[in-house]
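Order as written gives the chain letters A, B, C and D; numbering starts at 1 within each chain.
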Amino acid sequence: MSNTFGQLFRITTWGESHGVAIGVVIDGCPAGLELSEDDIQRELDRRRPGQSKIASPRKERDRAEILSGVFEGVTLGTPISIIVRNEDARPVHYEELKDVYRPGHADYTWEAKYGARDWRGGGRASARETVGRVAAGAIARKILERVGVEIVGFVKQVENSLISANIVKTLENAIALRKEVESSIVRCPDKKVSDQIIKLIERARKDGDSVGGIVEVVAVGVPAGLGEPVFDKLSADLMKALGSIPAVKGVEIGSGFACAAMRGSEHNDTFQKFSPPYEGGVRGGLVTETNNAGGILGGISNGMPIVARIAIKPPSSISREQRSVDKSGNPRTIRVGGRHDPCVVPRAVPIAEAMMALTLADHWLRARVSKVD
Amino acid sequence: MSNTFGQLFRITTWGESHGVAIGVVIDGCPAGLELSEDDIQRELDRRRPGQSKIASPRKERDRAEILSGVFEGVTLGTPISIIVRNEDARPVHYEELKDVYRPGHADYTWEAKYGARDWRGGGRASARETVGRVAAGAIARKILERVGVEIVGFVKQVENSLISANIVKTLENAIALRKEVESSIVRCPDKKVSDQIIKLIERARKDGDSVGGIVEVVAVGVPAGLGEPVFDKLSADLMKALGSIPAVKGVEIGSGFACAAMRGSEHNDTFQKFSPPYEGGVRGGLVTETNNAGGILGGISNGMPIVARIAIKPPSSISREQRSVDKSGNPRTIRVGGRHDPCVVPRAVPIAEAMMALTLADHWLRARVSKVD
Amino acid sequence: MSNTFGQLFRITTWGESHGVAIGVVIDGCPAGLELSEDDIQRELDRRRPGQSKIASPRKERDRAEILSGVFEGVTLGTPISIIVRNEDARPVHYEELKDVYRPGHADYTWEAKYGARDWRGGGRASARETVGRVAAGAIARKILERVGVEIVGFVKQVENSLISANIVKTLENAIALRKEVESSIVRCPDKKVSDQIIKLIERARKDGDSVGGIVEVVAVGVPAGLGEPVFDKLSADLMKALGSIPAVKGVEIGSGFACAAMRGSEHNDTFQKFSPPYEGGVRGGLVTETNNAGGILGGISNGMPIVARIAIKPPSSISREQRSVDKSGNPRTIRVGGRHDPCVVPRAVPIAEAMMALTLADHWLRARVSKVD
Amino acid sequence: MSNTFGQLFRITTWGESHGVAIGVVIDGCPAGLELSEDDIQRELDRRRPGQSKIASPRKERDRAEILSGVFEGVTLGTPISIIVRNEDARPVHYEELKDVYRPGHADYTWEAKYGARDWRGGGRASARETVGRVAAGAIARKILERVGVEIVGFVKQVENSLISANIVKTLENAIALRKEVESSIVRCPDKKVSDQIIKLIERARKDGDSVGGIVEVVAVGVPAGLGEPVFDKLSADLMKALGSIPAVKGVEIGSGFACAAMRGSEHNDTFQKFSPPYEGGVRGGLVTETNNAGGILGGISNGMPIVARIAIKPPSSISREQRSVDKSGNPRTIRVGGRHDPCVVPRAVPIAEAMMALTLADHWLRARVSKVD
């Protein structure tokens, strides 16, 4: 169950980073949806490393092949199996560290749980596992786009450089922003902040170090009424979905942690019948003047943009020397070689969008059974 | 599914705040555990309002009755059904607002989802729903205590007053801290901060307003190896568990959002064979010098204290005048009457502990099937 | 999970036969359904023992109380909790056998699984557990009746006395048959067979023995398109649903075991555009001349009546002397005292109907998410 | 969810009969199990058609490739993805019937559910779907063999020719029987009945017709204590597992439908401390003199051989002329061409064994969490 996400739009991912292949099976995609391999490839290409000077030079072509569930260009209602062969696998880089517990990595915990581990590049603990999420997310996104939902994510912060404003407000604005995001090699739509971030990442790389950051992901056009009121709140499911992305240490919705210092009179979003700045992204007739709720009240969407943020830790694989211990508990001094990103925040953007899309598609289906006709 | 939490230690809660009763069914509690109604009552008493001068004066005796699953003082392995009758129900307070959407509440979203709602005190959207969680959490806690796990939560911040240090480190320290927490009427173990918080809450009440805050909850003595590596990461499941508590807008583990501004060399926790400050709370032989990971690496526990924090918004029910709209979209000016807490952060402590306990008990059972013998 | 049935219309039952109470929580009932305690009581009254001279003289009033999920006579979309207090509990009957494994009962297997058991009347292994199923089934039935589905069950065979014809064919015929069924104290709508069965049961009682039989349950008016094609075939889910009723040793659909001796040319049901004998019970435009399929092709309903049969073993509690062993493996000669039915086949009818209703209601909801709009 | 089976040992199958490939993902296989592609190939080879003169001459090499979850010959605890490429795909055979509803097939019901269907060889409704089940079943079997469980299935009946005795009683006997089964081209271990069956099948083929039959599958060496007492009874889960195999119309356990005509004194299996004919296949210390229970009491295994039988309808694809209707409801006369088995009963044997193995492996894991230590 560990490898399955979703109740009705349900995905199961599989694969180790240096095994034969990785993939995903999507069960519960409704019949009748147009779908091609290009739809999936587009998102996989965004996730892939090696796309710019600031990222890892690994080459992963990541060609998605659809093996089932689609016939004559349309989904059948049967499971959609997608496979991506692993290509640029060089386990030799990892062999020397196979008896050492790398700090910040899952080496030690994995052995505690399973008794052994695939030490080749982290095995299934590698972020390469997210290929399956992104492939499935591309399908979820197609379902949502049919009903007018747009999802856009971007880098909000890296180290101490950040965008402070709320910049996604309407459907039109979300679509436009997506282009700006993709035109920045660090996926930051604010040109000035983008330039700062590029410099911060380059400095970290020179230092043999790495940096963390924050991704914001917003869904605009979500109908009111999605989410379940108790455990499967839309907010709680998003927290799990986004919190399950490798390296995430925190998740917040709307006002997030800032709410702790606020008063109710300030935090409550006032309802209105109509509110120009938001109209493009609103469903259901009412809007709120502010959006501290982040589009979710009592666990259910209210039609306003759904706003989530995730904190991503600095990558644990750094080239500078670190102390650790080996399997016998002996102290060891290590350097984690290989080709690692000094900052994974930009690459987390399409993954966060995918997890948002998967969560919303699932709740969109679940909302179909909440009332008698 | 909305009302069920957990895979193997699985609870289903039910009940509206002003209905006949509320309750919970626990399915999957192993046979052979000693259990009495007192075990449950103890935790329910901590959750109950009306316990101090700063809290709501509502009287909810909340007597738990075990209806099944226990025979001769020991669990049978069958579902444990627990019921709490609702007593102090005065729906008249709510009748005048039944056609208005209260800002910050789930009135509007509930109607968008279900077509109608129980307007009596929020119905199932009321935080009274958490009675079932706390009752079930008391059982989860008993399972965990058998294997040496202690859970302690406390108020870390209200408005701008906060405890900044990491104060839970060892098993002994956690047990001791629990007493200090309970001796503060706002569940803040730092006497000075506790006094400040009491003042802040009283001021908010006088202003007809409310305040938010942060709860930290820590589990000490958790064995290494709990959690699943992909979607059901222990961290992700905790985020969902804690994020499903009413009014929570953010969840973080270990370093949390602070990781965004950190570098890898600083964030990576160095492994050691032995580390005195942590020994009481550590399982599995290795410790780390720091605990930015919050006890979880790659989604699996590493034996260090598990540290989580939740941000709780200021209560939406405030007595000062607010603008809103009614069901027809007409503007209305409202005052939310009744007896409401100006700050729910202290009452969230036992609920957060319960959700932590439920998540850990579930993963403790799940860890039993991860390896062949 | 053992105590939960269904994916979207999901019930969790709880309670031991001689505990405080038994009950059920229904999660996933759509909002907006009219529901009263009478709807549930009507079905519980059919399940209750002590209704005729041939049944156990135990008195179980079995008053159902709805504790949540219904507001102003309509379902809220929240969990519906139903409780029935246990009344006529006389554990003294069981005390003398608490160290002996009664033949045919779950005493031994329960201890093998859980290490201990509630020996009072079988505890949760008692057929009294089905109270929760029947209560939940009454709600499932209301959902189905809104869309024109009628379910009728009856006793087809007891010992060697049986009805051989296929007697349920149309909606009108099903509704009419239900009355005939209820007018027979053994729920057999064929007067002659009913009289034979009454005699067989009385003879078995006189002999201190018991008899088995077969129940047939038919759903008429089921739309084509319900069921999932692989594991969750409507047929497979019905087999599990009906097969989980205590004492059931076999389940068959349509032609059932008779298909083994048939040829394809004989077994294939020919499609037609219209076929008078079936029109009342058919949905979807096509009918088949025969109904060997029992209304299900490839796991999905075809609009024809769904026909299932279950074989029910003779009750294991018989008053004549039997050999067995006690917990230490010593031979013992026992008589199972108390008030036991020599034949439970008639009482299985409302239970089988409930399980059919629960399965169909679940798949009716699931069918809502199989296609894009 | 339709395509997933199991709670803890959980498989998800995918693939259409004439698509690119078919496969299965196994999630929940414990780490540390030795596993090779040969283990899987062995069972797939038994399922494959074209193995004898009486079966379909289709050529399906069905080479299984393990893509993940196994490292250095041992399972990792991660999902095991297995793929089998489709080779002998000739959709042209099916094109002429793509607008007609073949009697006995899922053409019509599939369209009712999904709005369209993959008409190439039944698509996912084809029995080729069972490749994934058999591959996964081979792994389940390895888990069970480690703890001494042997599963053997055989053809008990075809048309009116049958084996009437109970022939599997001990572990040794089960292992021996398996060889006899495999030495018969119709998987019937009774030489005389085997010869009769071969003749019956050849006669049916000559007649352009098909025949049904019964498969019995027995598990010997199953420990007492597997199964859950209410909905997830081992018997009920087996009924669903076996009942989900294509073409199955009935399932029975132990005495099965014969119980209907029995009396309690005859049906109750007497407990004994020791009983020679069964000792090899018994776990847990007690045995019963007879085995009407089929190894399951109250839904939980009692240590005796688990005995199940399934009724398999005659294949719907017959070469003789049949009447049907097309999508517009017009009458059509059809002949189902292609290469079809006149009897699928022998090929159902490894599939039934696989479903038995999957169910037992799942419950074997589930039994690990039933008690506190």
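We take it that a residue touches a chain if its C-beta (ideal position, glycine included) is under 8 Å from a C-beta of that chain, and two chains touch if they have at least 3 such contacts.
In UniProt terms, the chains line up like this: A, B, C, D = Chorismate synthase.
All of these numbers come straight from a predicted model, not from anything done at the bench.
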* **Contact distance in steps, from subunit A (Chorismate synthase) to subunit C (Chorismate synthase)** => 1
* To do: Count the C-beta pairs in contact for A-B and for B-C, then report the pair with the higher count.
  => A-B
* With chain centres defined as C-alpha means, what is the inter-centre distance between subunit A (Chorismate synthase) and subunit B (Chorismate synthase) in Å? -> 26
* Please work out the Cα centroid separation of subunit B (Chorismate synthase) and subunit C (Chorismate synthase), and write it as a whole number of Å. => 40
* Structure fact -> Within subunit A (Chorismate synthase), the set of residues that touch 2 or more other chains is 1-4, 8, 13, 28, 31-32, 77-78, 113-115, 124, 229, 370-371
* Spell out the residues on subunit B (Chorismate synthase) that touch subunit A (Chorismate synthase) in their complex, using ranges where they run on. => 1-5, 7, 13, 101, 103-106, 108-110, 112-115, 124-125, 129, 157-160, 204, 207, 209-214, 223-233, 235-237, 239-241, 243-244, 246, 248-273, 284-286, 288, 292-294, 296-303, 311-318, 320, 322-325, 329, 331, 367, 370-371
* **subunit D (Chorismate synthase) partner contacts - residues on subunit A (Chorismate synthase) that touch it in the complex** => 1-4, 8, 10, 12-16, 19-23, 25, 27-28, 31-32, 65-69, 71, 74, 76-81, 83, 113-118, 123-124
* Asked: Which residues of subunit B (Chorismate synthase) touch subunit D (Chorismate synthase) in the complex?
  -> 8, 28, 30-33, 77-78, 143, 146, 229, 365, 368-372
